[in-house]
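All chains are identified by letter, namely A, B, C, D and E, in their written order; residue positions are counted from 1 within each chain.
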Amino acid sequence: MSLLEIIILIPLLAAALIGAGLPAKLISRGASVLNLVVLLVTLSQHAAGVNLSHSIPILDNPAINFAVGADGFSLTLALLTCLVLLAAVWQIIDKPAIYHVASLLIAGGALGAFLSTDLFFIYGFHELALIPTLLMIAVHGHGDATNRRAIAWKITVYLGAGSLVLLAGLAALVLNYSGSNGLTFDLNALLETAKSAPLAADAQAWIFFVLLVGFGTLVSLFPFHSWAAPAYAAAPTPVAMLHSGVLKKFGLYGLIKIALPLLPLGAKAEWVQQALLLMLVGNIIVIGLVTIHQSSLDTMLGNSSVMHMGYIFLGIAAGNTVALNGAVLLIFAHGISIALAFALCGKMRNQLGTLEFSKLGGLAGNAPFLTVMFGFATFSSIGLPGLANFAGEVMVFVGAFHQSLNTGLKPIHWATILALWGVVMSAVYMLRAYRSLFFGKAAEGHFISDPLGSQRIPLLLLTAVLLVVGCRPSLITDLLNFTAK
Amino acid sequence: MNQQSAVSLLLLLPLFAAFAILVLNRYVGSFVSKVISVGSATICLITSCLLLGAEPTTGTLFQFIDVDGLHAGIGFILDQQSAGMMFIVTFIGLLVHVYSLGYMKEDESQSRFFGSLSMFMFSMTGIVLADNLLMMFVFWELVGLSSYLLIGHWFEKPSAAEAAKKAFLTNRIGDFGFMIGILVLFAASNGEIGFAALKESLSGGSTTGPLHDAPSWVMTLAALGLFMGAVGKSAQVPLHVWLPDAMEGPTPVSALIHAATMVAAGVYMLVRVSFILVESELAMQIISGIGGFTALFAALMAVQQNDIKRILAYSTLSQLGYMVMAVGLHAGEAGMFHLYTHAFFKALLFLGAGAVIYACHHEQDIWKMGGLRKQTPATFLTFAIGTLALMGLPGMSGFFSKEEILGAAYHECGWLFASASFTALLTSFYMTRCVVVAFFGKARTEAASHAHEAPMIMIAPLLLLSIFAIFSGYGFFSGRLQALVPHAGHAEGHLFVMGISIAAVVIGSGLAFFLYNGKDKDPLNIKLFANKFYIDEIYAVIVKVFQDRLAWIVTGLESIFVDGLVARLPAAIACRMGKTARAMQSGQLQGYTFALGLGLLLAIYLVVQVLPRH
Amino acid sequence: MPSLLFYFFAAITLIFGAGVVLARNPVASAMSLVVSFVGVAALFISLDAYFIGTLQILVYAGAVMVLFLFIIMLLDIQAEAVKKGHVMPAIGGVFLAVLFSLQIVNVLGVFKEGNKPLPALDMAKAAETQTLPTIVNDLKAGTLPDAKLMGVTLFKDYPLHLQIVGLLLLAGTVGVVVLSKRDRKEESA
Amino acid sequence: MICPFSIEIGLAIAGVLLLALDAFADKLHRMVVPVIAASCTGVALFALLTACCGCAAVPAWLEPHYATDGLAMFYKVFALVTTLIVLILAIESDKVLAHFSSSESVKTRIGEFYALPLIVCAGMMWMASAKDLLTVFVPLELVTVSFYVLVAYTRRSGLSLEAGVKYLILGALSTGILVYGIAWIYGVTGTMSFAGVAAATAKAETNVGALLFGAALLLAGFGFKVAAAPFQIWVPDVYQGAPTPVTAFLSVGSKAAGFVVLTRTVQAFTAEGSAIAQPVLNALLFAAALTIVLGSLPAIFQTNVKRLFAYSSISHAGFLLLALACGSSARFGLDSAGVVAFYLATYLPMTLLGFLMLCVLRSQGVGEELKDITGLAKRNPSMAFALTVALASMAGLPLTAGFMGKLLVFVAAVDGGHFAIVAIAVVGAAAGFYYYFKPILAAYSPGEPDASKLRWTLLSRVTAIALMLGILVLGVYPRALQKVLAPTATAVVQTK
Amino acid sequence: MITLNHYLLVAGILFAIGLAGVVARRNILTIFMCLELMLTAANLTLVAFTRFHTVNGVPDYTAQSLVFFTITVAAAEVAVGLAIIVALFRAKHSVSVESVTKLQG
């Protein structure tokens, strides 16, 4: 059994144990810490060059294996998952055991998706993680019952449809890249065929586009995004953290790990490029404006999370080493920062009962710790240097803009410029929110106090990660070890 | 101590101080914070003094971003420009630290204040030392953050919170351009961000320089982009609106950040990249034009302000305009010179204003002061020295630097010279007005009449700064600070320029003195100037229309069209079809048999008639 | 078979078949059905399927229709009243019937093989292939031993099927018992 | 080594004997007949699995009609497993059944209800082996007529009776169509055996127009049995009204039996060189698309879980038809018959688990409406979990059996280039995410606070666990099943 | 001259008539009779074809057996069907299709 399998199994096993009636809080916290430790061990093994991959065949033709394997990219996302899981289970206070179970299942599914090297399991684990997400939103979400039901349905059907489109795209990959002896879902085998016998550019473009729509829907790529903001606003805190921070990144993971290497020509096809640029500009500018319009913290964070996906897509559209490194860094950074923001959002909701900007103000007076933490989340998400997002954004911009200027500004240049303007917009809404929630005169009737003792640890952990990665992004980029194709 | 470790110390010590204060804040009293912060500022000053006049070197401290295609390090350039700037920053920084010990004595969150100050020192050091554009951008943003924190120090005050936000956002708009500039240069030079590398790429020479071959519009775009960053940071028109509002912050902060150092960073940066700017004549014209315009525009507004800090703020705008104009007129060294002298006397003025405000129990309206010269003689004396230096009275530091800029303008562009000269006149006018109204005449309010001199810890920095305000213009002094030797060409028409500038001082101050001496209210009433040309109002409308209203419209459209077309319409169609199909399931047996029969006919029709043909 | 007889029985079949559909009284429908079945039986016989024809009369026209009539009487079912709103099903029925007939006509138009007359029976040839003496004798005598041939086929080729049909009848019987068994409560009520 | 034929005969005899036992020994405990019935099925299953593997020794007189290829063996096992579980379902809902059968008293003996499934099972097993249309028809009618009885069995419930009437009329209509179709196929090809038909389709002298007419009728007749649109119209009403075990039997057993016959028919029509292969496959594709749509979309509005399952069953039939219509691909480990069999194998545990949960709930007085199962998680979390597993698998969530089936169908369809149908299937499956989650959501929503706890019986618990294991094993480790099915691919070709 | 198609036409029309009756009639008993009509039409087709496809000079009895089975099956079907109809009548006092409309949607 490989270490990677253990990493996947720990949360699933913990969820099963809780389901069997063991004390939820203890087990979930223990499992999340244990998982982080095991992952760190795995990282060291990976650094030492140990081959961690392992494979169990489950179907011969089409060949499907339960295969795990890790490169820097998947380990980065696994690290993200473990960190966010740790922070998420710590946010569960006085809630039924199902909260713990759901969080562990989501994280387990995400880890499975990130560490598998078989398309079947990559897809399967992601879906597995979706169910508890949907259930938690529907059953334990915020807001009145009808509304959150509607939201839960929307996200269920939306993501379900997106996954099916994705499945069709993956099926096309499997069918085209399986080689001559039957079909295979093994990513590495597909990659080899893709190298030795690539498809025609035209076919690649089409499949890439289908994958883009499929994966894109899962990442709330404009215009397939409208599930995201209300869902995050309604989701229980740990679920919002895990989904927006980790699970959503699956789509990006898939694009970078599967679509780009398998369909390099497709990604570069002009019409695909232009469509992607249009969509990501939609993410940044349209959703940026929508975010500015929000009047409550939860929907604002939800929309901002949609908007920030645009930058990562820009990195994917650029597709060069710098931009891809930046995109992954941004995936990691956004995961941490949005999880932090949602954790704080949850704490505030619990105490204040409302997150409307107009009803709140001056929280900094009573809750300096929260204020500082929220400050970190805010400034990280608006790309302040020294916090993790900045390095990612800069690399994405630099990578995307690094095209010849001799023939004038190309579409990707314009997209980058618009994306840069998006940075201004995100500063606008984040600072507006920060200002109206924490500064100014304290609003009447809404009291908030700082979290105590151990509750601070996960928040501090996330902040520390933001800072450390923000100052040494090479921690991640060295792990990634991407090179231009 | 070698230079690398000295530089590391300069960078890391304030960072460490800021971090330590952030962490320890909860557990120890503000005293420890003060010790840490002031201690670090002191050590920084000593270090930067040691670096003055050292051999120019460069180096890299560590790699920040290190992937194929982008290697951005935290490095340093140590030359005369940066060493001099470093001295200014640390020197004024230390004085402000010391001054704040007195000024902020009563404040509840002193730890936070000093922590933020240390943070600022760290960020500013980074800008000064930056050896590449990205590093400069990083610290550029970080000074923005410290500025945000310090302006918003009294966050309970809505105006302070708003001002902090406004400052950050306005700067962000500038940074938008800055980043475009960086990106354009990066792309055009095929992957360079270091100043030295860019210079090399530009020169062409033995190696092929991609930047050398870049189309001219690329250079213009790059230059304007970088300049836009400077416009934001140095509060040039049209992004000047944040600086007056930033006066909501504690006065020492205004002195340090919003007068002496941070706002000058734009000019510093422009001088750093002037080798790029000169590649585009159009960009240079725009830079000088905007600089000159800002100088005049801000001076006009300053004429009608009543808040002592705001007068100084507009004056800062105006002086920054001078500096920017100088850069645009190929006289970056003159701009830097003015930056240095301005730093001293403007810090002096702000700290003096702080002392006045302190004396008058946080009263800032000059019309509610009066006669302070008697109650607070030391403050008056230092403030007057600062004023004279600012007006450019011959012999004072401001005279030398301003005269050099005027000379450059005279040399390069007549219009700008005229406007700059008029600005000089206005400068004398509004500063005289300020001094006359605040310090002369009778006390107009209770608070003013009971004003008392600030404590020694605040006065001492004032005195020290006065010395610099007087003497920093002289060669023996400025020579230490700057390597850039004035153009020889400026000697031409030197006397004329000197005459004009002296005349401006005399006329301006004379007019103001006669107009305001002994007056209890403003004899001039120019609404347009007093209301800052209604720029804030116009911007408010623009923000409302082009951002909030647009956001509202887009949100509506998004939810109707995007969500509607992508999600709701298919859902509605599916439901509609589902309902129809469900209606077929009527429960009527006859309906079922009919459906079955019809299905049969359909199947036969399809299989026999339609499908074989395809 | 002479054409006239064919047309006669075909007409009987179809007319009384239509009678089943058109008659409002179920008894009339049942009676029409009997007559129609007799017509079909005649057509069977005209196709040299004497055994099947007989079966048609015995099982269908006899047993099954008696069962129908019995139930109609037992339940005392009245004629359907003509009500408004019942036109649609009628139209639908006619519509389907017409369309289906058109399709049949269309297919028969394509089905050229069907335009040939029925092949003549060749008893002599058949006699050579059969082994059972009684059948061979009949064939040699020039008569078609229809029932015998049928019997041989059923018992030689389809013994399993016969068993299954038996099982089916048993299941049917059980079903009838289960479904129409009166429980005590109903009796007392 | 025994011929599977003997097992079927034995099963039928057991059924008859049980009928007799039930009729004449009325002092017996009421559970004797059910237990014997279930154990007979179990023994038959055991015997089939152990004694008949690879057995092709069929008596000579039976040989022309009776196949023992992999396909047949698979469906025989399938029928036995289904029957066994259906009997368990019946035992679980014994009281409910008795309550609604001929007498109101729960003491009413309902031995027939346990004996008939054995006979039906035998019929299904025969259908699986049929090599000609006549041999299809007779057991098919045995199954159908028995189902008329079973559907209407709880006649004191008006719904059951209504379902019985509807099934009777529509079923008889489909029988008429089927016989008419067989007549035409015979008329055009001169044979009833699948192999003969396959050979005739390739012959030049065969009249294509008339053959297509017969094919259309035949497909319509079988389409009715497997609930293919537009012949699916009876399904929701009959499934809802019938006693739950019978619904389960219909939706799994009857459908599978229909599919084995349909598979053989389609194979015959699309044999090498067939002149009608393309129209038949296209018709199937068309039917598949229509079935998915007509199964999925109305399901969105259902509030009755049983009826929901009925629509779900229709939509699954659509996927099965799609698999059938995709034809064989040389690149695939399974041919279309294999994919259909695989899909049905995944369909079995999830559907039966769903119906088992309905039976278990019904026997404790919980209704079939969504509002009745609201708060199930509170009343018995493991029941809610079991229901969730069943529904998740039906929705096709990965790592459950349902996903494996859908995946293979999708891959086959994309491989066949049927993108439009794939798109429709995607829409249908997406709608599935909605309606399958409705019961899950209801189960986990807070219900009435003082609702009583619910209990498993030992039997139902064991069965549920077995079915869940089946779902998970098929979803995670389908290799074993594939190994079983792979030979069918080759064997089926030989029967032609 | 009477050809095969004559018989097929008669059978086809009979089938159509039965179909019409099934759809048009509201009395379940009558519907059931119409179903028998359809079945008979199918049988007629089959018999006509068996007569047409002579085997060794006599009709194809292997195929004609199907007619035998069909008639038997139909009889059983009628028996069960009538039992159900009787049960329905007992429960609803009607054998009209209107009495079975509860299951819908």
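Basically, contacts are C-beta pairs under 8 Å (C-beta built on N, C-alpha and C of every residue); 3 or more make two chains touch, one makes a residue touch a chain.
Values in this document were obtained by computation on a predicted structure and should not be read as measured data.
Student: Would you pick out the chains that touch chain A and also touch chain D?
Tutor: Looking at chain D and chain A together, the chains touching each of them are B.
Student: To reach chain E from chain D by way of touching chains, what is the minimum number of steps?
Tutor: When the steps are counted carefully, the minimum from chain D to chain E is 1.
Student: Determine, using the mean of C-alpha atoms as each chain's centre, which chain is farthest from chain C.
Tutor: Greatest centre separation from chain C goes to chain B.
Student: Counting C-beta pairs in contact, which comes out ahead: B-D or C-E?
Tutor: Higher C-beta contact count between the two pairs: C-E.
Student: Centre to centre, by mean C-alpha position, how many angstrom separate chain A and chain B?
Tutor: Result: the chain centres lie 35 Å from each other.
Student: At what distance in angstrom does the C-alpha mean of chain E lie from that of chain B?
Tutor: 94
Student: Roughly how far is chain C from chain D, centre to centre by C-alpha average, rounded to an integer in Å?
Tutor: One centre to the other, that is 31 Å.
Student: So, what's the distance in Å between the C-alpha centres of chain C and chain B?
Tutor: Centres of chain B and chain C (C-alpha means) sit 101 Å apart.
Student: Give the residues of chain C touching no fewer than two other chains, as numbers and ranges.
Tutor: 89, 92-93, 96, 100, 103, 107, 111, 113-114, 157-158, 161, 165, 168, 171-172, 175, 179
Student: Hey, what residues on chain D touch two or more of the other chains?
Tutor: Counting only residues that touch two or more other chains, chain D contributes 134, 138, 141, 145, 148-149, 152, 155, 164-166, 169, 173, 177, 209, 213, 236-237, 298, 301, 427, 431.
Student: Going by the contact rule already set, what residues in chain A reach two or more other chains?
Tutor: If we look for residues of chain A contacting two or more partner chains, we find 157.
Student: Using the touch rule from the top of the page, what pairs of chains touch, sorted by label?
Tutor: A-B, A-D, B-C, B-D, B-E, C-D, C-E, D-E
Student: Contact residues on chain A for chain B in the complex?
Tutor: 154, 157-158, 222-227, 282, 286-287, 289-290, 292-293, 320-322, 325, 362, 364-365, 372, 379, 382, 384-386, 390-391, 394-395, 397-399, 401-406, 413, 416-417, 420-421, 423-424, 427-428, 431-432, 435, 438-442, 471, 473-474, 477-478, 482-484
Student: Using the touch rule from the top, collect the residues of chain D that touch chain A in their complex.
Tutor: By the definition above, chain D touches chain A via 331-334, 381, 385, 392, 395, 397-399, 403-404, 407-408, 410-411, 414-415, 422, 426-427, 429-434, 437, 440-441, 444-446, 476-479, 482-483, 486.
Student: Can you check the complex and tell me which residues of chain E touch chain B?
Tutor: 19, 22-24, 26, 28, 31, 97, 100-105
Student: What does chain D use to touch chain C in their complex?
Tutor: Residue list for chain D touching chain C: 9, 12, 15-16, 19, 61-62, 64-66, 101-105, 108, 112, 115-116, 119, 122-123, 126, 134-135, 138-139, 141-142, 145-146, 148-149, 152-153, 155, 164, 188, 207, 209-210, 213.
Student: If we count contacts the way the header does, which residues on chain B are in touch with chain D in the complex?
Tutor: Within the complex, chain B touches chain D at residues 570, 574-575, 577-579, 581-582, 584-585, 587, 589, 592-593, 595-600, 602-604, 606-608, 611-612, 614.
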